[in-house]
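Two complexes come next, and they have one chain in common, chain A, joined by chain B in the first and chain C in the second.
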Partner chain A sequence: MNRRKQKNIFITLCLLPAILLVSIFIFYPTLTVFFMSLFKWGGYSPEKEFVGLDNFKILIKDMMFMRSFQNTILLIVLVTIITLALALIFASILTREKFKGVNFFRVIFYIPNILSIVVIAAIFSAIYDPTSGLLNNLLGMLKLDGLQRMWLGDQKIVIYSIAFALIWQAIGYYMVMYMASMASIPESLYEASSLEGAGAVRQFFDITLPLTWNTIRTTLTFFVISTINLSFLLVKAMTGGGPDGSTEVFLSYMYKQAYTNSSFGYGMAIGVIVFTFSFILSAILNKITEREVYEF
Partner chain B sequence: MKKFFGLTSVLILSGLLLGACGSNKKDKTEDTGAADGKQVVKVAALESAYGADMWNKMKDAYEKQNPDVEIELTLDKKIEDVISPNMKAGNFPDVILLATGREAGLTETFIKDKNLEDLTDVISMTVPGEDNKVSDKLIPGFTETLATNPYNDGKTYLMPMFYSPTGLFYNAALLEEKGWEVPETWDEMWELGEKAKKENIALFTYPVAGYMDSFFFSLLSATGGPELFNSTMNYEKGSWDSDKATKAFEIVGKLAEYTAETTVANANQQDFTKNQQLILDNKAIFMPNGTWVPEEMKDAPRADGFKWGMTSLPAENADGDRYSYTFFEQIWMPSGAENKADGKDFIAFMYSDIAADIFKEASAIQPIQGMSDKLDGDNKLFYSIYDDGAKAVMGGFSSAETVEGVNMHDALYGTINSVVSGDKSVDEWQKTVVETAEKLREAAE
Partner chain C sequence: MKNKRKNRLYKVFVYVALITLAVSIIVPIAWVFLASIKQNNEFYGDPWTLPQGFYFQNFIEAFEKANMGTYMLNSLIVTLLALLILVSVALPAAYVLARFKFKVRKPINTLIMMGLFINSNYIVVPIFLMLLDGDKFLQQHLGSGFLIDNLFILALVYAATSLPFTVYLMSNYFRTLSTSYEEAAYIDGAGYFKTLITVMAPLAKPSIITVILFNFLSFWNEYIIALTLLPGQNKTLPVGLINLMAGQKAAANYGQLYAGLVIVMLPTLILYILVQKQLTQGMTVGGTKE
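Here is the complex of A and B:
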């Protein structure tokens, strides 16, 4: 008997702590959010008024929410495409090309990732400062005064200023990931291809890219999640969603509603949408990037 | 998604942990209560620019007078974050000093949820250790505003504490040096704006758009008297689109043209001091602010001979009234408080001479009659603004109802950034405000 039974008991016992922790700290809170989104509640009073799907009905008509939705999507698209491209290029240069200071650049590129996002906000506020900032002064020095802008004051460009800071801090992280994946590609493939006369660019598209495809796919999900998270932190520290709501993103708007507009239930409804959106977007990205996995 | 998991799990986790701490604490205080028979009053107070020291002195002073009461103080610069988890678990402090108008809006949430203890009886209580009643000591008017009687029903739910006149701050030395007068009407203001423009000085700046609240309250009173102020604060029909309100919007619209160019770019929590620095550097003349600003900017470099000046808002015309909005912090009691009787006694003690002197030492001024005579230095200048003919405006928006996704603060002040940067016209701005007021009024009805 009882070997099998014993084994099962043992497995159950081993899994139990993890299951318990995951249920308490992940499943239960998530379900609570879904549940709370059905109430009108300020956050502190004992009375909660059940309003069904009313919060979601208001949400559809809430122009400020739509604006934060647009901003978030813009950030996800910009940050993903630009970071992905740059990180891949840098990673392949640093792994494939032999030149002095490879390790130095590796460290330099990774540094922004160690910094807290609040520090990054402070750095970029110094860069974007209209009078004493690095960017405007650089443009002035290059006699490009016409390009000087209020980087955090002009509502048409402030969201791009945020995107630039996000890209700056993300490149190093993804670059290191891609480098790890590229390092495992056997050198012989490159040797063979160069004997056939393939240049570096051809090698990148025909060898490096297909063989790192799986890593790239995984990072796409990371891009979605981390852009939603980090854009909130950066916006909170740098612009507070301003000027006049032009940098409001998903989570900053959720925070504003839940904690400063006394509408906790409504905030949770936004949370439900953010949850569903990021889930679905990641699923779609995963599906459309599915390719045959090459072995080497 | 991760953030969202994180946020909720942190909330739950802290709820659990603090809940556990809370119950421990409760056990402990019950134990000590049994041991030496002391009543415990839990007091949570915002540690603002006035510092934490005065609260510790208050605790000692009150315990000295009432040996059988123990004050349990919680002080923090972000007191909302410290007490919220415990309150979500149902553990409320007995007395909370936290004003409305803070970013987290905790006090507003309690008002909207009708979660406050009625403090009307405190006003007629005798101040502990004195013969006077609380009402005899308070400056009249302070307990008749929407900031103290939020439901407009004659009952006081929040007691007024440290008050601070607000107005336009400027460098008095700069005006003296240039031979410019402090404008008394808006026409004089625009004249000054033109003169300053020629010298490359902006007429106006603001730290963040939220600082326009006191400015706008005073402005509404100046263009339409207290009637307009009260009707707009209650979102009454036809108030925000009345001619007199339109006048106020237009004045801000014109002021936007004279606002320092870099103001909007720096009008955020991280960079707002750069806007305040414009005044110190003589690059802008006026900014709306409160009496805390000299302390806040005390280490900043400044123009030679810099001297703080403060004036009330200009009048609409030569025989119009001038107004200055008085900001005051509030002390209140959540309905969930356990020790209500002692808590109220502690609140009444706030208005005793002993308390007022302790607070005054830290520059925190109570709305007690005769206090302004005891002041010196910059404070004397600031608090004497009403002696020079300016009328006081007090209170603020009625915060009786929550409307999801609708926020008057954002509509009225946040949009000013767009008006200054030229992204929205004054008309559009006013329309947004009128619509917002409409939604809030409908919800209240």
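Here is the complex of A and C:
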């Protein structure tokens, strides 16, 4: 057997398992999503009826879907803006300010990220419980009874309760990421601007922010994708989309239609919208945040 | 003088903000640990009271009545199996894509990159229906199907959905290694397979460790795929926990629920304490989140 043939066999054998697994468990199901969105199909029965774009026409008039759309957008906006701001501020404080306990805070802030979303859902259920919950009882102790709420029962509030849990979960992850990026900024830049009399806030906007811009841009895509995802996981474990659909998000509604409600074709049409939406939003964010890259 | 005061005010503000967030993380988690040793009647009334005693019975009940023992074993099997499949499939693929030049390299690379953008939660239901169809086919031809409710299949799905990112990460790592290692091995007369296993795999150890750490956490914590693909009695820990959460509303078994929470949380916390440095540094090598 010559060397060349040996090499080809080696390459094939190394790649084949990976290509097979990825094709069967990622690409085939993804194609199914797009293809099946054109059918009326329960999922379990053999009858499939081609309906073209009918599923999408129903979707536009589906109030529940519109609600999940609104909730998803609200969560993406809230979670991204608040998490981004807090993570950036904390990261710059922990890398810039020399004080004790930097490592302690970094280690603690990252903990929510290693917990299962189910665990987080259970913890926040215990916090938000109306009668025996930690939050309402704390407010009672502080004589702030007026602020007590049905955190998961009030339709107007519940989406913000979900947003808070998502932010709590995400801050540490993004902070660690920004810290790594900020640590590579040379100290001399700060020294020079400090000599010119720039304060910490000024330094943040003039040095830290522009030099971590690329990392921030990358994380914007993460924010979109992970909020769509994690909001589904959290809602499914915590509220089941309720009360009365007020926490329904994209993927929880899709899962409900496709799996629980056996409207597989309809569920897949939602899937197509989610795919397209997250892709377009990421592309737009990527485009509008384009800046000249500063070198140092 | 004014500047100094402003500076001090700023420092106080910074500390307050940092401590608030730290407390908001530590307190609920510590509370869960304390709640797991409370008796059921202690859950009515003020949740901020400390446990009256050490009620270990909760854990025994969680293991026996709520099956958390079995679920834990299932989780362990699935996680380890998935890690094993993932590393042994991703490593050779990553190596070949990083080091060899061949005709279809570009399309395969594109395929892997496309896979990075597809999240497993988007495609759980199609995967489930595909396996269901497979089971029907097997039933007709072999008499019985085994694709649903199968821990091995679940592990396979976990490994497959993590493959694109793992291959991407590992092949980036291979690209940083010098080619002189392989050249030396070839001169010594080692074949391609021998070189991969005895020379390159050990060199890739840092990237393998990063991959194992991150994926251990994500496999151990995952629940949507496990919930969908294991509809029967066989469950993993997080799915068992969801059942406990649902049951708690009806039967008010708070003690069991919080003991279950500790059982799910503890392994990840221990792992985190042991390797927190690698974890928070490994992420910067190029970590994304599921």
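Brief remarks on what is shown
In this text, the second predicted complex is superposed on the first by the 268 of 296 C-alpha atoms of A that agree within 3 Å, B and C clash if a C-alpha of one lies under 4 Å from a C-alpha of the other, contacts with A are read in each partner's own complex, and residues count from 1 in each chain.
Keep in mind that, in the parts below, a residue touches a chain if its C-beta (ideal position, glycine included) is under 8 Å from a C-beta of that chain, and two chains touch if they have at least 3 such contacts.
Remember, it's a predicted structure, so these values are computed and weren't measured experimentally.
Once chain A of one complex is fitted onto chain A of the other, the partner contacts of A:92 are absent, as it touches neither chain B nor chain C.
In the superposition on chain A, contact of A:21 is made with chain C only, not with chain B. When both complexes are overlaid on chain A, the residue A:208 reaches neither chain B nor chain C. When the shared chain is aligned, no partner comes close enough to touch A:80: not chain B, not chain C. By the touch criterion stated above, A:271 is placed in contact with chain B and with chain C alike. When the shared chain is aligned, chain C comes close enough to touch A:6, but chain B does not.
Of the two partners chain B and chain C, it is C that touches the larger number of chain A residues. When the shared chain is aligned, chain B comes close enough to touch A:242, but chain C does not. Contacts of A:263 after superposition: chain B is touched, whereas chain C is not reached. In the superposition on chain A, A:152 contacts chain B only, with no contact to chain C. Residues 24-26, 28-30, 32-33, 43-44, 121-122, 125, 129, 225-226, 228-229, 232, 237, 251, 259, 271, 274-275, 279 of chain A lie in contact with chain B in one complex and with chain C in the other. Partner chain B is touched in their complex by these residues of chain A: 24-26, 28-30, 32-33, 40, 42-47, 55, 58-59, 62, 64-65, 121-122, 125, 128-131, 150-155, 225-226, 228-229, 232, 237-240, 242-245, 251, 256-257, 259-263, 265-266, 271, 274-275, 278-279.
Interface residues of chain A facing chain C in the complex, by the touch rule stated above, are 6-8, 10-11, 13-15, 17-19, 21-22, 24-30, 32-33, 36, 43-44, 86, 89-90, 93, 97, 104-119, 121-123, 125-127, 129, 132-134, 137-138, 141, 168, 171-173, 176-177, 180-181, 200, 222, 225-226, 228-229, 232-233, 236-237, 251, 254-255, 258-259, 264, 267-268, 271, 274-275, 279.
Of all the residues in chain B, the ones that touch chain A in their complex are 1-5, 8-9, 11-13, 84, 87-88, 90, 103-106, 108-110, 112-115, 208-209, 261-271, 274, 334, 336, 402-407, 410, 414-418, 421, 423-424.
Listed in rising order, the residues of chain C touching chain A in the complex are 10-11, 14, 17-18, 21-22, 24-29, 31-32, 35, 43-48, 89-90, 92-93, 95-97, 100, 102, 108, 111-112, 114-115, 117-119, 121-130, 132, 156-157, 159-161, 163-164, 167, 191-193, 196, 217, 220-224, 228, 238, 241-242, 245, 257, 261, 264-265, 268-269, 271-272, 276, 279-281, 283-284, 287-290.
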